[in-house]
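Take a look at the structures below.
Two complexes follow with subunit A in common, the first pairing it with subunit B and the second with subunit C.
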Partner chain A sequence: MLPTISRGLHALGIISIMMFLLAPVILVFPISFSADAHVAWPPSAWSTRWYVALLHNEEMVTAFRNSLVIAGCVTALTLVVAMPAAVALTRWKFWGRDALTSLFTAPLLLPSIVLGLAILVIFAGYGLVGSWPGVIIGHLVITLPYALRVLITGLSTMPAFVEDAAGTLGADPWQVFRRITLPLMTPALVASAALAFIVSFDEVVISLFIAGTQLKLLPVSLYHYVESWTDPLVAAVSALLVLGTLGIVLIVERAIGFGKAVSK
Partner chain B sequence: MTVSTADEGTRSSGGRLLITLLLPIVLLNVIAFIAPVANLVAMSFREATATGSMKEGVDLATWSSLVADTYYWSMLWRTVWIGALITLITLVLSYPLALFVSRAERAKALLIVLCISPLLISAVVRTYGWMVILGDQGFLQALLRSFNVTPPRLINSQLGVVIGMTEILMPYMILSLLSGFGKLDTTLEQAAETLGAGPLTVFRRIVLPLSMPGVLLGCLLCFVLAVSSFITPKMLGGGRVALLATEIYDQAIVTLNWPVAACLSVLILVVFGTALLFYGQLSKIVE
Partner chain C sequence: MYLEVESLEKRYGHFAPSVSDLSFSLGQGELLGLLGPSGCGKTTTLRMISGLVQATSGKIKVGGQDVTGLPTYRRNMGVMFQSYALFPHMTIAENVAFGLQMRKARHADIAKRVESALAMVHLSGVAERKPRELSGGQQQRVALARALVIEPDILLLDEPLSNLDAKLRDNMRGEIRDIQQRLRMTTVFVTHDQTEAMAICDRIIVMNRGKLEQIGTPHDIYENPATPMVAEFVGRINRLEGQWRNDGAVAVGDSLIRAKDDGGTGRVLIMIRPHRIDLSASDAKSAVSPEENAINGTIRHVTYVGDTFQYEVATTGGLLHVEKATSSATDPFQPGDTVTLRWKTRDTLTFSTEVAG
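And then the complex of A and B:
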């Protein structure tokens, strides 16, 4: 009798903690279908009016488009910059290699508010605040460490002898890279691309500092909207973002297995 | 002879290739990481004029006015204790969940994804979710009212910030704990049970000590993130909860006093360094 009760209590506790963890993500869905003019629970009626309002909200639509384009550029550049660096850091032995590797992951350890302010102060002097290149460079600083870590793990768990064999058989380094290394790297590349895209798309602190008021980005616009309005419009955006993130997670899961991508 | 020259040839071209491969990432880190941070530290030794521009020359004026102001001391104290409180609650809630997930026999992968996927969702969205729950006409208030309980103010207060931050940081704690639990061998616990130890003794003498490295790592991570986060305190605190990070933003964007913002940034880095030192000392004791 007593063990059953204690096991029941234990299960109840675990479920409550899980609910606590997922509550904010789940509750934006019902609120986004509210027909009320303000966020209130329970909604007096249900409707899709806030999704319609969202489509007609020029700032949100522009910000969404900008964020997509920026995240796309950042993802492409992240791979272009991180892939050669990962190859260099795993296939070469040279003095100061470990120091360089930790330097490249250091931006993640710095509080993003400090990094954002530091970049703002420098970029302001060169007119880069509120510009596309400015925001892209700012995002690259934090997407590169993630991508680099995933790619380095991918490269170092890959047997190097396959590359050596191809070299012995007469393939030049570029052929080896394109025909052997790159195909074997596909899972790590997909994982780092997905991470870079999500990190850039969701980045709010650094964007808040360097996007200024001219360049609208979705997380920044959401933040400012919440500051001044209390209607459920943001719930509609949030619901769509949660679904979008779920989609990316599923794609990565299909490609390589999400658990593996994260635990690496 | 010819072989060695050929060898040398490939080595020097290899060196050139190495530099080419690393050049982009080095350049980017210099332009957008090293130079800005060094510049920020230097800026804390300058002084702002009333117009928002900066005086020429280097001095300690900004620092000494900061040190003399009790407002900043109480803010530093508040930041540290709220950060510690959030870390503690996050640990207490995450520990049983992480232990359960690491022992789960069915659907373990799904459970792990459920626990850490909130990490992939923007902090703005998750904090907004908390505004929906904790707001004056929110979910929780409605729930409590239906039980005839008059709840305290949950939003625009320290309580709201603590609740929201705890949930936002839980995935980090769970990840750290899971990495620690991975090393736990269940046969050890079974052996202890066979030898007559009760469940509480097994937990206190075996599970807890062996999971300490994960606990410490999780606490370091959560504390550091709690101290430096500003979106959630800003949105759930409604301007009533002044922390170091929110003050940095206000000074940099609203007041445009960059030297003060730079000083406060250095202060946050000092808090970080202290936390790291504590972590290093405690990990030595645990091992």
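And then the complex of A and C:
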């Protein structure tokens, strides 16, 4: 009797926590199919009119495309910079290595509003505000520490001595990297790429400071839209974002699950 | 000499050197054991020979050629790691083939050599599996095959048996020795287990605190240890402190003990292996030959461990441990029994402590 009650309470507790966390995310979907002119619950009728409106909203479509391109560039650059850095910070022994690791991952701790302001002050002098390179560099400041963390963890949890073993079998350092290190760090690479993409695509504060008014980015446009409109268009955008993020998470899960299967 | 190591030294920062002043040489086809407690520098030495660690100073020559400055991948040495270090993302066949691919061997050739290497370690039929699908013992065989397939100049084994359970360890030990003999492979074998080293090595180096204590055959190391450290590291041993007398005997407490060496001055450490001492009831008075020591004592403590009784005997010279094989025919001594301990003078090792101090 008692165990049944406690188990029931336990389940109830878990369900309410899940609801608390996920309700807003789930709620976005029905609201996005509302036929009303304002966000209201429950919707008086159902339609896909806000998805159609979204497709015809030129600013949103442009912003969406810009954000995708920026996130893509940021992700690629993040990997190009973070991978050699992670290898150097885990595989080479040099003076001040730990200090450098802390320094490179420190921006994770800074409030992004401080970063945004600092970057704005610097970029204004070089005419980088409102430009594509400006936004990409600004985003890199945020994404690099994330990627570096994930890659360093991935590299330092690699099975012991496999790189040494490859060396004794006649592989030069480049062959060791290509045949051993790179395949074994693939899960970490996929994870950090996904993280960089999501963080860049999602970044509001830095983008608000640097993108200016000329370069439209989705989070910024969405932010401005909500300031002046209350219609369910934002719900439609949100629903698409949730689905997109879910897709990326699933890809990572597959990659890491796959990675675990491959390693010991 | 095939492998020559000359005054090898490794220092990290300002700490005491991990390895210093290490010199030895090794003939073609010889199996050398590097034996010592953990942290004695034996693994560092192995890594210097393989090139994974750069020597601070000294020389390493293989077949007369100086390889000290060569990177690992140019040295052609087969290394077997304690953790096996198999490549988890490759199949067993790919693991074994890796070294051959790096040497740009022909495709058909690689397949054939991988197959015969796996057959040599009795592991045919697992070629397409991944390392994680194999048991520890099987992974170890793969590691051995992978190290041998490249036909290395020297085979280096870093504590290869320490991750296996006891039964498997003895089998694998014998098998490594068999293969080594068959291929006449010059081999360096690192271990902290003296039985393991004694069982299969042609010669053994005992290391302590980065230095060579003694190099010799297993018999030498056991019967004629060069230092007290070696004597205590290879097997159990009693130690007594005494004083040399002018007549060549050693005064230990109230007793006189004659040793292998007869003569010396000052303080001396006496060492006797517990199983080389004979016990008899003390009333059985018999003549003491000049090749024998005999002193009286009282049994303090008896421990039964199946194949032997381990006695602690209080004697006029001090506390001595004695090991006797158990037998169904005779009754063991009991605590309180008075006994006579006899052992050969040639089993009595002496180490002068005057200089060492």
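Methods note: the second predicted complex is superposed on the first by the 240 of 264 C-alpha atoms of A that agree within 3 Å, B and C clash if a C-alpha of one lies under 4 Å from a C-alpha of the other, contacts with A are read in each partner's own complex, and residues count from 1 in each chain.
The definition used in the following text is that contacts are C-beta pairs under 8 Å (C-beta built on N, C-alpha and C of every residue); 3 or more make two chains touch, one makes a residue touch a chain.
Since the structure is predicted, the reported quantities are computational estimates derived from the model, not experimental observations.
Touch criterion met: A:161 reaches subunit C, while subunit B stays clear of it.
Within the superposed three-chain model, A:241 lies in touch with subunit B and out of touch with subunit C [touch as defined at top]. The wider contact with subunit A, measured as residues touched, comes from B rather than the other of subunit B and subunit C. In the superposition on chain A, contact is made by A:24 with subunit B only, not with subunit C.
By the touch criterion defined above, A:73 reaches neither subunit B nor subunit C.
Of the two partner chains, subunit C is the only one touched by A:184; subunit B is not.
Judged by the touch definition given at the top, the superposed model places A:172 against subunit C, while subunit B stays out of reach. Note: residues 262 of subunit A belong to the subunit B contact set and to the subunit C contact set alike, using the contact criterion stated above.
Against subunit A, in their complex, subunit B makes its touches with residues 14, 17-18, 20-22, 24-26, 28-29, 31-33, 35-37, 39-40, 43, 93-94, 96-97, 100, 109, 112-118, 120-133, 135, 137-139, 141-142, 167, 170-171, 224, 227-231, 235, 245, 248-249, 252-253, 258, 261-262, 265, 268-269, 272.
On the side of subunit A, the complex with subunit C involves touching residues 159-162, 164-172, 175, 179-180, 183-184, 262-264. Residues 50-52, 71-79, 81, 83, 85-89, 98-99, 102-103, 130-132, 146-147, 150 of subunit C touch subunit A in their complex.
The touching residues of subunit A, when paired with subunit B in their complex, are 10, 13-14, 17-18, 20-25, 27-28, 31, 38-42, 80-82, 84-85, 87-89, 92, 94, 100, 103-104, 106-107, 110-115, 117-122, 137-138, 140-141, 144, 148, 173, 198, 201-202, 204-205, 208-209, 219, 222-223, 226-227, 230, 234-235, 237-238, 241-242, 245-246, 248-249, 258-259, 262.
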